[in-house]
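Quick one: the structure is below, and I'll ask about it shortly.
Chains here go by letter, A, B, C and D, matching the order in which they are written, and residues are numbered from 1 within each.
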Amino acid sequence: MSSIQIQNVTKRFGDFTAVDDISIDIEEGEFVALLGPSGCGKTTTMNMIAGLEDVTEGAIRFDGQDLSRIRIQDRNIGFVFQNYAIFTHLSVYKNLSYGLEVKKVDRSEIDRRVRAMADRMSITHRLDQPASSLSVNEMQKLAIGRSAIVEPRIFLLDEPLSNLDAGFRAYMRAELKVLQHEFGQTMIYVTHDQIEAMSLADKIAIIDQGKLMQYGAPLDIYNDPQNRFVANFVGSPRMNLVDGELREERGELHLMLHGGAEIPLAGKVRADFTSDARVHSGSFGIRPQDIYFGDRRGPTDITMHGKVEVLERVGPKRLAYLQVQETMFLAFDDHAQLEVGDDVPFFLPSDASMAFDLDSGRRLGGR
Amino acid sequence: MTDQTAPEISNNHANAGYWTRVARDGQKMGFWFVLPTLLLLVFIVVFPLLMQLYLSFTWWTPLEGIPWYQAWEVFNWGENYWYMVTDPRFWGALWRTVLIMIVAVPAQFFLGMALAYLFIDQFPGRKLFYSIMLTPMMIVPAVVGLMFFLLFQGTGPINDHLGLPPEFSCLTDVNRAMISVIIADIWQWTPLMFLILLAGMLGVPSDQLLAARLLGGSNWQNFFKIILPRMKTVIIIALVLRAVECFKIFDLVFIMTNGGPGVQTETISVFLYNQTFGELEWAYVATMGLSILIALSILAMKGLSYMAKK
Amino acid sequence: MSFRTPKLLHPSRRQFLKSSSATMAAAGSMGMLGNFMAAPASAQEFAAGMTGGPTGFDGAERFQYNASMSEGRAIEGIRALRAAGRVPERLTMLLTDGAIGQITRPFPDGAPSVKEVWERETGIQIDIVGFPAEDIFTKVMQDVTTQAGSYDIYTGPWNSTGDLVSSGGARNCSDFVAQYQPDWGDPERGTPTPEMEQLLYTYAGDYYSVSLDGDFQTWFYLRGIYELPEVQDAFLTETGHELAVPNTWEEVDRISEFFTGKDFGYGTMYGNGNLMSPFWGLATFYARFASMDFPNFHFFDEDANPQLNTELGIQCAEEHVRSFDWTPPDALTYTFAEAYDQMWNLRIPHTAIYTNIVKFGDGYNPDGTPRSAATGMIDSHLPVGRRFGDQINRRSVLYYHITAWVSSQSQYPEAAYLFLQWLSSTRTYTWMAGNPGGYFDPMQQANFREPLVASTYQQYSMETIPATIARSVPSINFAGQTALDNALDDELQAAITGQKTPREAMDAAQSQWERIIRRQRRNGIEEAILASRETWPTIVDEA
Amino acid sequence: MALKYFFVLLACAVVLYPLLWMVTMAFKPHPEWTTVAGLTWFPENPTLQNFEFIFFGRAEGLVVSLDRTIVGPLIASLVTSIMGTLVAVVCGTLSSYAVVRFGLAQSLPLSVLQLRLFPPLAVMIPVMVMWSFLGAVDTWWGLSLIYGIVTLPFAFWLMKTFFEEVPVEIEDAARVAGCSYWRVFYRITLPIVKPGLATCALFVFILNWSDYLLALLLTQRDWVTLPVYMATLTSAMGGQMYGMKAALGVIAAIPPVIFGLMIQKHLVRGLTFGALKQ
């Protein structure tokens, strides 16, 4: 079990910068998700941690020790590949025992630990069969078990659930959480699925185009995104983010939306937008669950009018698509009081709204 | 080939209907497609084998003064086979062929394997080096014989490097001639091993290799436990190919040493050649040829069925 | 025959490479390389009464002829054939490559080449395809057995005549011989004896082979060294005998042993210059073998059984193997060319070998430089034998001996035969034998009376060669020869290299020969063996 | 990494060493042929006289001349190799297509493969008897025929793997559209495998060009091929004419090396009879 410090790490492939000056501190025993769209650099980051790629600039330290001098085979890293990389020419048993055999562990000890792990992963009945005969789900277990059996300092998982069918994926997600607790190991988990990240990780590092966008606990990231990208990427359904120009008329500040509608800004969000005088165009963000209908609840809440275009059932709730001029807002219809075609007022609570600089994506103001 | 096209042209008008029907009928067209190859096979396999079997039971040689088909006049009830079994020169040549095989093929295999291992990842200049490595096997074997003939001359560069006098000749020495031939064979055919083994090695999924390394396996351990077992088929193919080709080794030996000094480098092919045109024992050559064919066929069948099982 | 081009060029010849262009030219003359220098147009006339032959140099009249002579009959024959429309435009000849120069290069200065004279007189082009001497018979048999019919004339070792005849590859020329009367056996100019004509030109009573060579192994020694007082003294002190020309194998071996390791100011010498290598070394063994008993020790007894592992046979093998101790290093790889080189560089005192060793190594080049370090030191002596009472059975051996045959596949056998008759008749052949451009050696009586030959082969050879011919036994020369020779050769090599004792080797060779004879019995090999026995000379000398 | 380059460079040096010796030898004048006067790796006085000699039979400064130049054997090699390739590729293509598409002659692949396993010398007696019976010895067609037969297995197996890669759906679609089998083969499939066909032809050409033994057995004079001519000259010229021999070797070696590098990608497939693909 180790802590990991990723310090100003940059990775270039020729002219292309895959990872740009990323720093992440991971505490011992933490479960960290590297989250981002595909091609964002999260896999490269993980490969650098594993030692599969060299670091161009910066350093990666385990417990303060620089990794670059340690050979891959001596790093003691558990790595679960996206397609598991099971040794298909060996038996399940030999797969599990491989990491121990190469370390010349005593034969009886190997046997004990292999059987314990097989038991833990509930693949004991498969032990003597060729690994190539396993189902995808069993391969997943075997891959995790094979890495876990050597008691690695850290555990890296590369999109481990993406090949699984939906039912087993949910099961494995829970299972992984349990395992992480059981092993108490530092785990780094690469995924493009924000729900997986939110539900599993202690901390999430969101990466886009090689840059670290935000690093923090899931709730912090959810509630307090540092920039427009994070705000847009995290949360389901997505946050409403509408872009426009700031215009001041007779002491009133409006965000003139590109679709023709306008949002009269007030309260905290107005303060946020004005916190930087240089900003002239911005993004207004609010999560669908924060929008409400009916009576206005706070003095600074912003009133809008829109037409219900679509109503969509999401679990027990209904999601309303509200058209304001050319712009669409999503909101939860909590009380099932709307009908398609209704022209209704709705309210954007100023405190729950977020302001972003449209040019840089930076969050304006704060919580 | 001519068998197929000739009737097509000549019958084109008179019998147009037939060829149109053939073009419309897969089985019929397939028959015409296979026919030339079948004819060639019959021509080169069936007929010669029967002739060889026939001749091997006679005394017939070109010295006999009768055409081969009258060879029954000198029928000898298989005495050739007995002669072969008790002919020390035949067994000597066979042994030398096997000797080249058991020295050169493993050497080529290990060198090829080591080279393939060097070329398993990308590195700057790999493509160029790869092309260079392949060159020897593309060179006409007779030219390779000539090249090594030049190299191993007493006044050639090898002796000069090693500081040996020109009198220390490699090709005409009782022991060194064989070594020279084997070196030339290794030089020419290691690239083939390299090529095939590299293809096999690159066929091992790279993530499995990575997984093995991450599990703490050293390069050696991973090589023997992951790469090697996965290359089994490839290795068998490469070894069988080379071993079979070794039986044919002729050009190299013939040009480098002509089987000499004495019979020190006389391989089975050179021996057959010498028997054919030197001693002119054609029936005896037919006997040996047939025996070798049968032995190789049995081995090949065994090998193929073994591979099919795998 | 002479200068065969070694197949694996033996390294030892630094000197060869460094030496003059003469060596280079000699080297070049081997190979399919002929030097086609244009001959000066010759305006000279034929001598009185002569109708053909070379012109343009002093003494050319000795090689000219008219219709009453063998060459003239051949030319007349061609004219008659031409009238009948039975001549080709060209004749193709497969020839040992080292001899090409003798046909294609003019000799002496001012003369045309042999080829030019023939083409001028008959209008028939001679196409020569060269091939190395060691392998040429393979090529011949290939042409015969595959019915390729690429050549009108084959050449190859005389020993292989039997093989070629039984394969049907050679045309029986008896009818042509009867018609055109070659002078091969001419009592004055031709072979020394009618028996020799039979041996060289016929097989089983018919004419097949045309001799173009004189491969009777002849003894040469370095008189210049033998006569040195310090050598004489040392020899007497060491052996208790005078150093003189040897008469017996015992004396030969004594000289060989003495010289080995000695240095008389010309570098370290080795004693035994005889060929010991595969193929070429067989001649050495056969020569020693033939004199083991009085007057001859035949290879086969009266019942055609091999005598290899008899007590005398084994003794011969033991002597042969022992003599290997006195050979230069790498002698096992020597062809005659390397052996020549050893004598030319004064590293061996004596050798029994092909006669053109002096053609290429004694005397002077046209530019006045000596042909080798041994120029002026070489001399020749009679074959050696063994002493039986007051008699010595001196024996040499006829081995290889380039011979031409008319291909049975030739479309124009008569024209091809006539070319061979013309080429091998005593006048043309004498002229050609003097030509240093190749390795056809003299053997007809007329050859040895010719100054041009004497100038090329040195005067001292002019008596020893005919005397050697008279004392030569034929090596194996009947169908099955290749197999017999190869079997014996392999065993001898095994004995020389110490893999077998001489006795074991001879036992093995004996059983191999018995096997081969058994296999060939129905081909009449036993009759051929007995016939061959009959051709051995019985001449013996006073001790 | 440095160690790796060391080994790679070492291997390349070993590969190039004999080649370099022969190639530079071809451009060396007579005194540099041997190491007697010291070893030279690159000709100090480069010369083309070796090539001049083998092409024209004589060269300036050389007292020797050649009675047969390289021209005839060069033409013989080209003609027989190309015709042999034609035979092998046409027969191999047609029959492998029939085996792959129509499921005919399922035992053919193995029998063809067996043909390749045999040492040619082991069947040479009947072949020579047959060839001489047909009058095919020392003719261009006789040699082309045996070349075609001997390389047929390679052409067959190589084309088989290429045909197997053509999706049968394409052909089915064309046939549904009314094309005859012949038209589908000729207009659809053949163009698709054209690169494969070219590879196959080059590969087979290299094999034919490289032959020594068959030409040695089945030619005499008129159709002697380059390797046979080279070997004859080699032994005929004795040890001395190193430069000319090297020049011959260089000329004989060039075409296959160029073609081989051109089809590098498919070499594994060709050499293993399609068992492995790269």
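Convention: a contact is a pair of C-beta atoms (placed from the backbone, for glycine too) under 8 Å apart; a residue touches a chain by one contact, two chains touch by 3 or more.
On a predicted model such as this, the values are computed, not experimentally measured, just so you know.
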{"item": "Where subunit A and subunit C overlap in contact partners, by chain label", "value": "B"}
{"item": "Far-end chain from subunit B, centres as C-alpha averages", "value": "A"}
{"item": "A-B compared against C-D, more contacting pairs", "value": "C-D"}
{"item": "Separation of subunit A from subunit D, taking each centre as the mean of its C-alpha atoms, in whole Å", "value": "60"}
{"item": "Centroid distance [mean C-alpha coordinates] between subunit C and subunit B, Å", "value": "41"}
{"item": "Residues of subunit B whose C-beta touches two or more other chains", "value": "149, 153, 155, 159, 166, 258, 282"}
{"item": "Sites on subunit D at which at least two other chains make contact", "value": "34, 36, 235, 239"}
{"item": "Where subunit A touches two or more other chains at once, by residue number", "value": "none"}
{"item": "Pairwise chain contacts under the document criterion", "value": "A-B, B-C, B-D, C-D"}
{"item": "Of subunit B, residues touching subunit A in the complex", "value": "205, 207-208, 210-218, 221-222, 225-226, 229-230"}
{"item": "Subunit B-facing residues of subunit D, complex", "value": "1, 4-5, 7-8, 11-12, 14-19, 21-22, 25, 34-36, 39, 87, 90-92, 94-95, 97-99, 101-102, 104-105, 108, 110-112, 114-115, 117-127, 129-130, 148-149, 152, 156, 180-183, 185, 206, 209-210, 212-213, 226-228, 230-231, 234-235, 239, 242, 245-246, 248-249, 252-253, 256-257, 259-261, 264, 267-268, 271-272, 275-278"}
{"item": "Interfacial residue positions of subunit C with respect to subunit B in the complex", "value": "7-12, 14, 17, 135, 137-138, 141-142, 144-145, 163, 166-169, 277-278, 329-330, 332-333, 479, 482-483, 486, 489-490, 493, 497, 508, 515, 519, 522-523"}
{"item": "Residue ranges of subunit C touching subunit D (in the complex, touch as defined)", "value": "5-11, 13-14, 16-18, 21, 24-25, 27-36, 92, 97, 100, 128-132, 135, 139, 142-143, 145-148, 150-151, 337"}
{"item": "List of subunit B residues in touch with subunit D within their complex", "value": "1, 4, 20, 22-27, 29-34, 36-38, 40-41, 43-45, 47-49, 51-52, 55, 68, 114-115, 118-119, 123, 129-151, 153, 155-157, 159-161, 166, 187, 191-192, 195-196, 199-200, 202, 234, 237-238, 241, 244, 247-248, 250-251, 254-255, 258, 268-269, 272-273, 276, 282, 285-286, 288-290, 292-293, 296-297, 300, 304"}
